[in-house]
């Protein structure tokens, strides 16, 4: 068993790491650290995990003393960079689930995050932790970056097109559940305001676009709407293709790209109501479902992807990348059947 | 007091007519007909109206015998055409809330509804019942058509642009609540399936597009997603303008068009989270709220409109049109403050 | 037109006062005060009221200078007591929607609120603002207390029994929407935690029990569960009667008590699924619906009441009491038909 | 690997059996039968299972020909009795998830189901499939009955008391999600009606009470409310104890009973908001969480249990019982960590 430590275990991605690792046959959690909750039981913040993690949160200092094989850092953007560096310099493997090490170009942090990266020299060390793209680099990686949830829904939807240079432009309409906003109470997340909301909070751009451009090479528009959902992201993307294709050809392109991917599933063309995935069909799983529909003009394609933002959009991809990095089977602990209806 | 009869009073638009008319100072409901529920109390299907309508449903035959000034027909598409004709030929005023008399061109019914219109000669008699467009024709009208809920959200969002010939093309992303599907149980409307669903059931086209083309003269794309909401429609429309404009100019265009409209409200530019309307802000009211945001390119404009599908998208517009037709103040019975949060 | 000032206009009961008064033919709002939002537009916190209140919040000082007939104080418990005293001592009418002046006995504030009342001498001046009980005292009242939302659901359900000394004991199971918790973000109100929650936060007792005991003379148990609902309270009360009665007799007792009450409605015995009211049937209205079902033992009675916590449970009752106090028709501005389904 | 066949695989409990068995290391599904969907792909009705079950539904006839070790019959009450008998008489093991074989006394079927049991002689053969009660009988059992979801929430909550003869009477308030009503559309399950509903559809009695009386020996009252939830049951039970006890003693009694049960978890006494379980904390898992709170009178106890109605309340218990019957580890395939928040 590989030994893992989780830093920032109190939030939703931290809780989700624990949920996944609670069933993992190859990775064991030996400490869960949360600076603000030292000594409190883990189930205080994750009541569903009561039977799975009996202990309490420890301090970062104590967690760092543990003899672990890998650390997962699930802190807010900006917060954990120093900690990640410290772990990395100890010669240990670390996965940072935040945006801290996702982008390669320090300039991108200035542009998209208004942030001067404190350790730009580490950016070239980091591997973007989406195994569907960077699988072969992961075994060597000691610093792995988590992925942006919105970016992942878009990237997986577009990769078959962008890798073949078929995509001219795209407009992504993202619908997202409230857990993507984190565990901290806020005016916008207050139930009477957020329940059944249709709040558009990004119209043409969003930070996650930086990850899309970096990983696919294509720029586009992103619009994000908060919808009534706790877990789940649906990306509805209107694509302009560079050349005219038939729906069959597009399906073949997607199949070629994804048939051997364990966590990407293509939707059927029929019946029509199952053609585009609902994020509820992947709840609790590491799956990304993708459906496509071509416009009669042959150049406009709608691609819809659905993920669980806390799993494939965060902690699931992190564990998947960690599996590869640790030499474990890539799908270990991640063969989670979606829970539906819920 | 003008006297009204409601046919098809058992469904949601029927119930909403009754709710609105229960507070109307100029129109009195003298009979509510439902062929399948004759003799049953009205509150059997509308428990919220118990204190407002004590009686029961009557048959169409009995309702037709009443001495009414106006009839509202709230039946499914296709169903009520004969009944409407009968009322019309009696020389009475009638509002058909279905699609039966919305389109002017019989050919459009073939194309969009696969329906051979039984009374094509009546189509030219009918006035499309959106007072914001056809106010001046309504006083003469005896046959008034209700409006499509999705079409209304789009039409009101686009009119200021199309009337000035500024719009080149549009892609409308419609998010719609479950009441738009009607009161009849269905597989897609079954709670475990429909709750929190993100079901895309139209990708490039939808029947309501016919009303948009007819009323604005511009063709475009419509995508519809069923979302977790009972009441409400949000139309998020990406517009390509024919010429480059500033946001200020666009705001002026919208203000010019709508400043004297009693039921259209423009959203402020600040704070950013109130720029685009959430349909929850108009629940129960006859309002249409509209917000705009220009892309830095000056040619791409996002327009978002929000209506209550059962009010401005159906029964509210019907009463508004009836008010004008009957010579009553246009906003009579319709000064309903939205209920929020709910 | 009577002139009203609203203090604490930023919260949910404040917003609801404004919604109701926006349609009131006899009371006009001349100022809305919020100490923390002076100068901000009212629609910043109540986006649904944008077309109804164009102005901004003023300070308490400025509001106090206005020449008003009545003040509504919609602040949190404890907060507004001094302000209310000041208004009262100016010789003006004031309705305090908080718990500050609900209880007659200062001792009760110690027991239930752990609060030493700063102005115990005012408690005897105050009239508990539920017109269904204290209608005749209101015309003389200058200090009127708002009502507790849970207490009102229980009181209206039990009054016909307690006034005839028929009730021995009761266990009330209250299900409540999130708006009852107020507009301030909190851990428990954070959407991912609160959505679809079934959180029991009072098991045997609750502060509102003090109002039930005071107004009905009967003690009992209260259990409160937060459920997925923004607006609405359902009180399901298991009553032990002092004597055996038939269902018909009970119905007659309730009818006798409530047939002339404008805002209390009894549910039918049939069909069975309409026997007990769902709070969704009264959304946005000042109604309290009540249904009863007798156990075959003749001594156990289930009484279920449903109200909109922000209307009959708060701002609606406040306006109703104000109407009586100001000599206006009691139902003025309150004949609001419920919005359903929503 | 043991071989299983699922009859009635199209409904929610059928789908849930497939979800659980998709991850089961000791049971393999070799055929899924649905009389109304022969030839259709399984994912047509269970889109979340697309990557797990590639095949289609077969007929009962074809399924019966398979060489299976155990059959799960997930049909509506009444429907599958003949089929179960047929399988049983072939000498195979069968679990009937419906109520067909839950009750021992044929008279009970007349009373609670108005049903003349067609095979009363089989009732004594059947083992009630709640391993927490009948674990030791299961290895011999060839006919196993599934459990009622409401009954299971109550039985697990009460067993520690009833087995020690401590319980005098109880009133159970059950809150239940929409999936408990099955996959077939209905008026009551139609989204606009069911969304956020608080519909009380049983006041004093419910069929599942028969199972409670049979398994605990104690009679009581059941009230059931449909709440906004797809999955989940919360049973809030007010118990009258036969003798006065301290909270510590009660906790000890519950711990003694359940400390070695793999799927029953007791909630902590602190913090207060985690004392009573929310069904969301067990979503997707086979867990039953239980919390207790004693009234100061020492005789009144509130016990709250929470289960996922489709897992511990149906398919999970069925697999758990099957595991024992087949000689597999009892928790095999059932160590499912709950998915939260969702």
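The letters A, B, C and D name the chains in turn, as written, and every chain counts its residues from 1.
Note that a residue touches a chain if its C-beta (ideal position, glycine included) is under 8 Å from a C-beta of that chain, and two chains touch if they have at least 3 such contacts.
Note that this is a predicted model, so its numbers are computed, not measured.
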- Message: Measuring between Cα centroids, what's the chain most distant from chain D?
- Response: B
- Message: For the interfaces A-D and A-C, which has the higher count of C-beta pairs in contact?
- Response: A-D
- Compare the contact pairs of B-D with each of A-C, B-C or A-B and report the one sharing over half of them by residue number. A-C
- Task: Please compute the C-alpha centroid of chain C, do the same for chain D, then give the distance between them in whole Å.
- Result: 40
- Item | Rounded Å distance between chain A and chain D, as computed from the means of their C-alpha atoms | 35
- In whole angstrom, what separates the CA-based centres of chain A and chain C? 45
- Task: Give the residues of chain D that touch two or more other chains, as numbers and ranges in rising order.
- Result: 12, 179, 192, 195, 228, 230, 278, 280, 341
- Query: Hey, which residues of chain D end up touching chain B in the complex?
  - Reply: 12, 177-179, 183-187, 189-192, 194-195, 228, 230
- Query: Can you name the residues of chain A that touch chain D in the complex?
  - Reply: 12, 15, 19, 22-23, 41, 43-44, 46-52, 179, 230-231, 265, 267-268, 271, 274, 277-278, 280-285, 287, 289, 335-342
- Item | Parts of chain B lying in touch with chain A, wherever the complex brings them together | 171, 173, 175, 188, 192-193, 195-201, 203-204, 223, 225, 227-229, 232, 234, 236, 238, 272-273, 276, 278-280, 293, 295-296, 300, 302, 304, 306, 341
